[in-house]
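Listed after this line are the structures, all set down as structure tokens.
Heads up, the next two complexes both have subunit A, just with different partners, subunit B and then subunit C.
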Partner chain A sequence: MKKLIVMLNIILFLVLANSVFSQTQNKKNVVQTKNSCLTCHKEDDNMPDDYNPNNVHASVGLNCVDCHGGDSTSDDEDIAMSKAKGFVGAPEKTEIPQFCGKCHSNINYMRKYNPRAETDQVSQYYTSVHGKQLKKGDENVAACTDCHTAHSIFKVNNPQSTVYALNVPGTCNKCHGDAKLISKYKLNPNIYEEYSNSVHGIALLKNKDTGAPACNDCHGNHGAMPPGVNSIANVCGLCHVNNLKYFEASKMGKAFKEEDYHGCEECHGNHGIKKPTDDFIGVSDKAVCINCHDEGEDGYIVAETIHGELKKLTSMYDSAKVKLSEVKKIGMDDVDISFILKDVHQSIIKARTKVHTFDTVQVAKVVNTGLKTAFKAIKKADDEISDYHTRTNGFGIATGIFLILIILIYLKLKTIEKKQ
Partner chain B sequence: MKGLWNKIEKWLDERYDIQPMKEYIKHKKVPMHRHSVWYYMGGITLFLFTVQVLTGILLLMYYKPGENSSYESVRFIITQVKFGWLIRNVHSWSANLMIFFAFLHMFSVFFSGAFKKPRELTWVSGFLILALALGFGFSGYLLPWDDLAFFATKVGTEIVASVPLIGHWLKEVLRGGEDVTGATLSRFFGIHTAILPLIATILIAIHLLFVQKQGMHEPEEFKNLPEEKKKYIPFFPNFALKDLLFWLLIFNIILFLALYFPWQLGPKADPLSSAPAGIKPEWYFMFMFQSLKLLPAHILFLEGEVVGILTFGLAGTIWMILPFLVPAKRESNKILKIIGVFVVAFIVVFTILGYIL
Partner chain C sequence: MGQTRRKFLNFLLSITGIGALGAILYPVFSYLVPPKIAEANVNSVKVGKVMHFPPDSSKILKFGREPVIVVRDKQGEFHALSAVCTHLQCIVQFRTDKESIWCACHNGLYDLKGRNISGPPPKPLKEFKVNIVNDELIISKMG
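On to the complex of A and B.
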């Protein structure tokens, strides 16, 4: 019995010792992760307005002192924010790029978090209009924190980020939409509105297609610049590859280079770019060709011919679609016709791209391929419709035969009944 | 022509003594009264079953069961094969009408009291044939392997899992595994084209044999008429010709439906895609599906669905053995009629609810 009591005491002691030990350990952990900056700034209600505890820096374990210096383990404000402890506080606007660059330009440091991290943002920034102006001491221009914020920074692929594709136009517009500010630089403050109604803006902002270009896709981000005359076509060509290829090889492309014209922008515009229609080319009021080409000129004839070719194909496509809807309406097989029509639609896209060759022969070649395919679809639709009529006629004949049989049987029955 | 027929008859009679059969046909009579029209429902159901067998055989010429061939072969049948569209649509429409007329036949038999003694086994065999017809419908629905068929089968077989004790096992047996896959398709094909036709043919033969042996049922009011007022018509040729008239009419309606309301073939089944919106079972399962849907999640200590399945199982069994439970006396007719009206109203109301809710 005594032995049992001794054993129980030992067990009790071990349990208590273990719980005391683990409490000490926990306390030690708390001290280690203590952030007196947050404690005091929260107490004083003096937190940065844009502070988000989930920001990218906090999420990888960095805290205030990693940017601002000082000692977050000390409860004493004088020690915590002493220069001796490396406290630098908030940087001046002109110092911000270097402030962020302390880490972001240091590949040896950045590699810890992302081995593929780019570290040339600061050097790129100083090549941008923003960077050049900041260097001159102009504090109105954007530095890192104007686009990324200071304390709500998120990765670019995080929808919360101010530089997430869908948020970029709004972020740029904070300054570029400020008429008072932007007029100092003789820039248009309505670019956001123009962009929002453009084909790109609708795709990005309305349809949430993050593949559509935002401001930075054409202007660059850290090295943001308006594209130069010679680079506009290349900027558009990043996405519109074939259009650029055809345009550069065309007579028009060469002439544009010689005349220093603004490439794509001359016909399509820039921020407010609209989805081009087939009337964009041609000689009607809506066409852009007549802005430069007068009646009788080669260019005028080419524009007229290409427009005619496109119209031929699109009209045939529309007719085929009407036939398809007829086939659908009568419940016949529309699957193959739909597939063929997809090929026709593909030809239309190709022909519209070929417009940038400004070569009537090349456009006509694609149009003819499309026309042949459209004819095939119409023929197939006609076959289906004719087949349907054969079926209805067959049903009519069958019903007639059934009716005759029914009458004959009925008469036979009557005869039999009479005999009985 | 008549001479040739007589020769054949004589030839057969010499060998097989067909005189008794001839005499039977000659003397088989059908009572004529104001409810005689219901006598034709069984014949129409039988005719539609024959249409099913014939069109089914024709479809078998081109149908290739398999995850990678079912859908394609059905598409081939309706787009490339001459009259393939017609055969497939007639098969689908005729199947639906067959079940409809089977129900009609069953309820006409019920309300006329024809299921009672001595026709208990005719009723039981008829009930089993109807159950088989539902099985035909359920198994055949999956065979085109389009998305609606796939997901409807998934939902349908999932319900089976709610059967207490054997539910999960039964579901796996039906599906040929945990999920609806190509194995289910092969299984359903086998059930639809071999197992069910065999059992159905045997049961139909037995059912017809019973009907022939016992003759047509005469309703009470007809039985009570004085002998001279009872009207009969010969089964052959009068009743048979009238049967033929109905068959022609029904077949013409099927052709009309096949042409103007063709059965759709949706996109191919894709087990990884999400289920299309508003999956509904075939109309003949709708009343059960809808009632299961409307049941609360729990009834007492049991799951609502389990209670529903058990209730349907019990109700079906009672319905099947009804002739053994109901006295053949006339007094019970009124209560039976009330029960019958309730059952019909339940089926109709819940079917409609299934489509409007």
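On to the complex of A and C.
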């Protein structure tokens, strides 16, 4: 019986040891899968120019054969790159979307790596201007690798990625800034320069605000298209919600629709959009209103009135800010004033947004609320400044009194001395 | 002549003596009855009775220099967050239809924990601690 137990223990030990050993071997196999492609291409100094060993595909354990086919376990070039082993090599330009789509359009495959992966990029791509042109055989247009690269692909939230928010304008500009190429399509090659100096471009490229819109935020990603007349306002309205809401409900918005005007773009422009100042509305040379409205027209009067309202509020805000800096300079309490001024600033933002109603009454209502708040801030600042003067004057008077007292005591003592 | 001078000196001494006494007592009095000024460094603020915050409502309150939005959600739970959007510093608001904090400037959206969930805001809103003591709501800085 004892012998039997010993035997069983030995068998059990061997089974467990074998299982552990084989698991370790399997792990080793996964990590150290032979990749003869890299070995030979490195030896021959024939690696792709854009190859980055840390690319997203390599990081999940995929290697060359997963895209290009063949057998990377064989050192024999003829076997490794044989059609029998499924070798397809580099695809033709027109084949690239399908080439990438082998995996990226297959939800069952993609789920292994990312259960939330989207798999409609290829079908979206063929709805884009790029995709439609490629289908026609135009090899100048962008396919997957033109934006994503072939061998340096990273996830979109990785700053190394060519499609990371901050890198998108530069990526698009590789083709759209090529005057020779883009002139064939009668497109403007200076869009990148225009965009870089725009309010959005400065926010994204200079201030590194990844929330600012890059090319794809207005034109789409894989289904990239220039927004049509009817969708421009909606594109802008994705972020500028209230501006769009007020504009659409306004008389102007309705007239624009009837005339098939380009909504926001008519006044603000597109790629080179500048941060609008209060002079943007009104009747000065800087105002856009006078492009359509002549003196004496209703639109002219509305523009002039709204400009006046905005100026009233911003001037009052500036005066309050000057008072605030005075309060800070003399070291008095500025907490309440700073807090109130935040409200005034908010009123300015609201008033500027209400401009899109093109309704003087609505703008004036917000402006008046802001003015009342600004008055409150100025009153508080005046109180603080007056308190400061009371304190300094009081200190001066007290010092004077003490000084006179000292002199008088001195004289009194002298008188007493004389008496004695 | 000498007596008149002495009298005048005594008179002046009395007046300045009273003035000096006033100059000494005034700061003492000011210390005992401080003027109505807010403290520069605020660590906690009483924001009112719980009953003043019905469910599914919000209020923007002053916390030192900072506006803080206090939200009572549908379940009655309180949330206190900085009311300054982390994108371009606009003041946010509670949207009952979205049950979220919304910034009207660029359509930024935060959940009631202050996490930025959509739109341009780059980071979450600063969260404040909410305590209820004797039916009174007190918000204070985290940590």
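Just so it is clear, the second predicted complex is superposed on the first by the 379 of 420 C-alpha atoms of A that agree within 3 Å, B and C clash if a C-alpha of one lies under 4 Å from a C-alpha of the other, contacts with A are read in each partner's own complex, and residues count from 1 in each chain.
Criterion: a residue touches a chain if its C-beta (ideal position, glycine included) is under 8 Å from a C-beta of that chain, and two chains touch if they have at least 3 such contacts.
Note that the structure is predicted; figures quoted are calculated from it, not measured.
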First, second, both or neither for A:199, with subunit B first and subunit C second: neither
Which superposed partner A:392 touches (first subunit B, second subunit C, both, neither): first
Which of subunit B and subunit C A:241 touches, first, second, both or neither: second
Of subunit C and subunit B, partner touching more subunit A residues: C
Partner chain in contact with A:212 - subunit B first, subunit C second, else both or neither: second
First, second, both or neither for A:181, with subunit B first and subunit C second: neither
First, second, both or neither for A:411, with subunit B first and subunit C second: second
First, second, both or neither for A:333, with subunit B first and subunit C second: both
Subunit B versus subunit C as contact partner of A:342, first or second or both or neither: second
Subunit B and subunit C contact sites that coincide on subunit A, given as residue numbers: 333, 335-336, 398, 402, 405, 409, 412
Interface residues, subunit A side, partner subunit B - complex: 331, 333, 335-336, 391-392, 395, 398-399, 402, 405-406, 409-410, 412-413, 416-417, 420
Contact footprint of subunit A on subunit B as seen in their complex: 75, 78-79, 86, 234, 237-238, 241-242, 244-245, 248-249, 251-252, 255-256, 259-262
Footprint of subunit C on subunit A - complex, ascending: 209-212, 238-242, 333, 335-336, 338-339, 342-343, 346, 349, 353, 387, 394, 397-398, 401-402, 404-405, 408-409, 411-412, 415
In the complex with subunit A, residue positions of subunit C that touch it: 5-6, 9-10, 12-13, 16-17, 19-20, 22-23, 26, 35, 37-38, 40, 62, 64-67, 87, 90-91, 104-108, 119-122
